[in-house]
Amino acid sequence: MPDTRAFNAQAADWWQTEIIDMRPGEIRYRGYPIEELIGRIGFADMVWLMIRGELPSAAQSALFEAALVSAVDHGPQAPSIAIARMAMTCGSSLNNALASAVNVLDDIHGGAGEQVVELFQSISTSMEAGSGVEEATRQGLADWRELHGKIVPGFGHRFHPIDPRAPRLLALVEAAAERGEVNGRHARIAREVERQLQADKGKPIPLNIDGATAVIYAELDFPAPLARGLFCLSRSVGILAHAWEQQCQGGRNKGPMPKGWLWDYRGHPPRSISTVTESR
Amino acid sequence: MPDTRAFNAQAADWWQTEIIDMRPGEIRYRGYPIEELIGRIGFADMVWLMIRGELPSAAQSALFEAALVSAVDHGPQAPSIAIARMAMTCGSSLNNALASAVNVLDDIHGGAGEQVVELFQSISTSMEAGSGVEEATRQGLADWRELHGKIVPGFGHRFHPIDPRAPRLLALVEAAAERGEVNGRHARIAREVERQLQADKGKPIPLNIDGATAVIYAELDFPAPLARGLFCLSRSVGILAHAWEQQCQGGRNKGPMPKGWLWDYRGHPPRSISTVTESR
Amino acid sequence: MPDTRAFNAQAADWWQTEIIDMRPGEIRYRGYPIEELIGRIGFADMVWLMIRGELPSAAQSALFEAALVSAVDHGPQAPSIAIARMAMTCGSSLNNALASAVNVLDDIHGGAGEQVVELFQSISTSMEAGSGVEEATRQGLADWRELHGKIVPGFGHRFHPIDPRAPRLLALVEAAAERGEVNGRHARIAREVERQLQADKGKPIPLNIDGATAVIYAELDFPAPLARGLFCLSRSVGILAHAWEQQCQGGRNKGPMPKGWLWDYRGHPPRSISTVTESR
Amino acid sequence: MPDTRAFNAQAADWWQTEIIDMRPGEIRYRGYPIEELIGRIGFADMVWLMIRGELPSAAQSALFEAALVSAVDHGPQAPSIAIARMAMTCGSSLNNALASAVNVLDDIHGGAGEQVVELFQSISTSMEAGSGVEEATRQGLADWRELHGKIVPGFGHRFHPIDPRAPRLLALVEAAAERGEVNGRHARIAREVERQLQADKGKPIPLNIDGATAVIYAELDFPAPLARGLFCLSRSVGILAHAWEQQCQGGRNKGPMPKGWLWDYRGHPPRSISTVTESR
């Protein structure tokens, strides 16, 4: 049987972290005492520090903040926002509404950014191995479609002919690249994907918000899953705002459609159980 | 510093339970070996055993199963069901859809049963202290309204003039009471609340599903919060069925209303940020 | 602009279902009026009816119930149960605790059953195409490992040398197969996988609870994702029992390990922000 | 039957908002086009704009950002952080881990801030009606204890003798008050509560993080429930960082305590079901 020290160590080892250290009266994030961070760094910089381990440069911070700002909301037609509003009419607290809503930011609703970063990184890897952007993109798109089907995430939008967030974000990246603050390769890849998609389809399939934020997250060297994680953080802002607005509006047990409207039933015609159970 | 045994005990004590005991190769619920329970008791009896610590009598089991069966679904107009269906179109797995949906079975959507049990128990307590059912009910309703407002949970339905589940459940309780299997007092209270509400309002406000299952849970001596917990278990069945049906139907990012329909914007008219930020 | 009828239809079509039909005063599940089901069918049969569309035979019902009963709990060392207990010490209601806990029944914790059904079905398909069970299993295992790595879900347990639930469940299936109630092929596949794993590893890697319930769900023709969904329903029982027990025990903000025990910090040594921010 | 326009309006009215307006190619938050906000306002300002409807002043922004920065993490001993880490070892994606974790930021774990704002506001209301800070605080504390019991939220910490975040936050508020940027009354109230608690208990019960952020949120005129909502946003940062770190570390099905450590069973001694079921 292990001695006390071994037991203690075994327990402590079970949960280990490089993020936070604590002693009574002392809290350090990534080595910095919390009281030095408060009032001195912004909220977005704190997100970066916690995830990355170091503070961002001013240029990194500016792009990062732009990406976080851009994705906060797309209205109550988005499942996440609708869910948060419904939750509040069921008596949920804000934390519960956030949970039910953030939970659905899954592969289709919130995971597109993660997929685009993967796509861009695979193209970027080919370029590092010597391919030109056109060839690398053609290959990357072909590989993607073989694995995942014909929908290329990050491009095209069912509501916006041009997603107003995308050109603005891309312009910020390209300006930063011109100033030498970021490499700019992922912006070039995004433009090339856009060009090839238009050539393939005969109509523009422009960069959307998932694609544009993916450009930024990839330029800033975030691993792909964090594009999803950071989208969740960003969209949490809109979820919170809508949940709170719904609480102020009131309403009880609000379903998706106006009261009195029902769904379409397409199942078995009316029947009775009695004969069934007698014969069992 | 404590010795090893103390450490070990401190750790084990942190989580303690009367529900399950385990050793390698051995699992016991409430003392019974799992392999004896499998194939011998039904699912509803297992729910009872896990929560209550003993197996139900056959009469308890029948009423309990009736309550669990009755509340599984109320269609995609209910927020919980709509949320589960939306979640599946966002790429969620069934466990995630269940989570987002069950989460909103809160005070208003799923908590009514808990409130009704509290109301019935307070009336029952007055009766044990000697009041007649009429007087005890009048007092109970008055106390309830003073604390919680004018809506009496468990009675009335915005869609069903008579909730078809309620009379059937109540009949089962009354038959069991006649056979001496349950006391029947909570059924009498429910009838009396119905009578007084009709007298007060000048129109019927009949028992609904929350009220009827509350009668059963109260007759079976479940603490009030479990009326909510058991409702969650019951509704999980409908949530699972709808989530799975939605997955089979397909659909991506399905919002509450048909594609192309939007919400009503009532906020600030269009404005520009430029003047604002210059003056800051 | 469409006329009223078209609008109405468009709205109703947005949510469509074969599960439930409703009119004021009338609720039908899969065609049956709810008041006929209440008091006449058990809870497990209701689960089957909602998901499958028809009532189970008595033999199907017995196996289904055994599977649901078997997986309700594996103690507070399981993440799902621990999460539910922690949630209650944070002030959550039972519905919230259920949600946070069921949510983590994901690929690794609750999704093994889904994977085993997929594995068994792929082996079964080879057998239907003419392969013997040994050859089909060898191919199925090889394909599985190529796609998913060396861990074969449904076999082996880190705590139980023999999972006491598995032999009991398998015996029930084999008895049902002898009576001609189910085919029994998936039970044979499970035995063959066990045999080959033991031969490969030189030690027994016996069927566990995920594997044994997968045998039942596959024999009963449930699609693979429902093995996960039904596990969630089953484990919800244990989650509810533990959450309720924790609420009765009390406790505030209970973390994973005893109060005063901390995690192991392995990150950046203490540092100050001042020099950094001055140089930025 | 209503005409088309009425139908359309009824549907749109069902979800209404002052937060976001959209047309194809156009997104406005609170009236501002999204492309003007991106790259020009920070993330914290975006949070404020979405919730409050107007941009914050520079002074408001600084305090708001300090509060958001201060509460991001308190280590894996906090239930929320532990839950996020466990979730990742169950195969969850980052959005699911965030959901399960944020969900438990309920009355006890994350709701303290909401309660403190309520307490401070009630004291502040007495002061507006003419009471001095000492008398108003004495009355406010007495009322609180009568309603909610003896624990005063926002003061005292089971781990930190002095919570290092609190004095720093309070100093920022007092400096802002001296510059006339905020009123400062809630800071005075916090100091007075601290003084009276120390006098009552004979030892310091100093302001903690919930109390200190509550001072800021109250000074900035946020309704009490938003203190909880904003805490959720802030703690989401730590949850995300820990979930990601756990994913990088790996681990499967990680329970609360080291592998091999079990809970303490205190329930029914071993028994057999057979005699029971025979007698039923």
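Labels A, B, C and D are assigned to the chains in the order they are written; within every chain, residues are numbered from 1.
One rule holds for everything that comes next: a contact is a pair of C-beta atoms (placed from the backbone, for glycine too) under 8 Å apart; a residue touches a chain by one contact, two chains touch by 3 or more.
In this text, all values refer to a predicted model and were calculated from it rather than measured experimentally.
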Inset, instruction - Go through A-C and B-C and name the pair with more C-beta contacts between its chains. - result: B-C
Legend entry - Copies subunit D and subunit A - interface residue numbers shared by over half, same or different: same
Inset, instruction - Return the chain whose centre of C-alpha atoms lies at maximal distance from the corresponding centre of subunit A. - result: B
Inset, instruction - Determine the centre-to-centre distance between subunit A and subunit B, using the mean Cα coordinates as centres, and give it in whole Å. - result: 33
Inset, instruction - Let me have the rounded angstrom distance from the C-alpha centre of subunit B over to the C-alpha centre of subunit C, please. - result: 22
Legend entry - Inter-chain centre distance, subunit A versus subunit C - centres from mean C-alpha coordinates, in Å: 27
Legend entry - Where subunit D touches two or more other chains at once, by residue number: 8, 11, 13-20, 22, 33, 37, 41, 75-77, 82, 96, 99-100, 103-107, 110-111, 254, 256-257, 261-263
Legend entry - Complex contacts: residues of subunit C adjacent to subunit B: 10-11, 13-20, 22, 24-27, 29, 33-35, 37-39, 41-44, 46-47, 50-51, 62, 65-66, 68-70, 72-77, 82, 85, 93-96, 98-100, 102-107, 110-111, 159-165, 167-169, 172, 225-226, 228-230, 232-234, 236-238, 240-245, 247, 249, 254, 257-258
Legend entry - Complex contacts: residues of subunit B adjacent to subunit D: 8, 11-22, 28, 30-33, 36-37, 40-41, 53, 55, 57-58, 96, 99-100, 103, 256-257, 261-274, 276-277, 280
Inset, instruction - Please give the residue numbers of subunit C that touch subunit D in the complex, ascending. - result: 1-4, 7-8, 11, 75-80, 82-83, 86-87, 89-92, 96, 99-101, 103-111, 158, 252-257, 259, 261-263
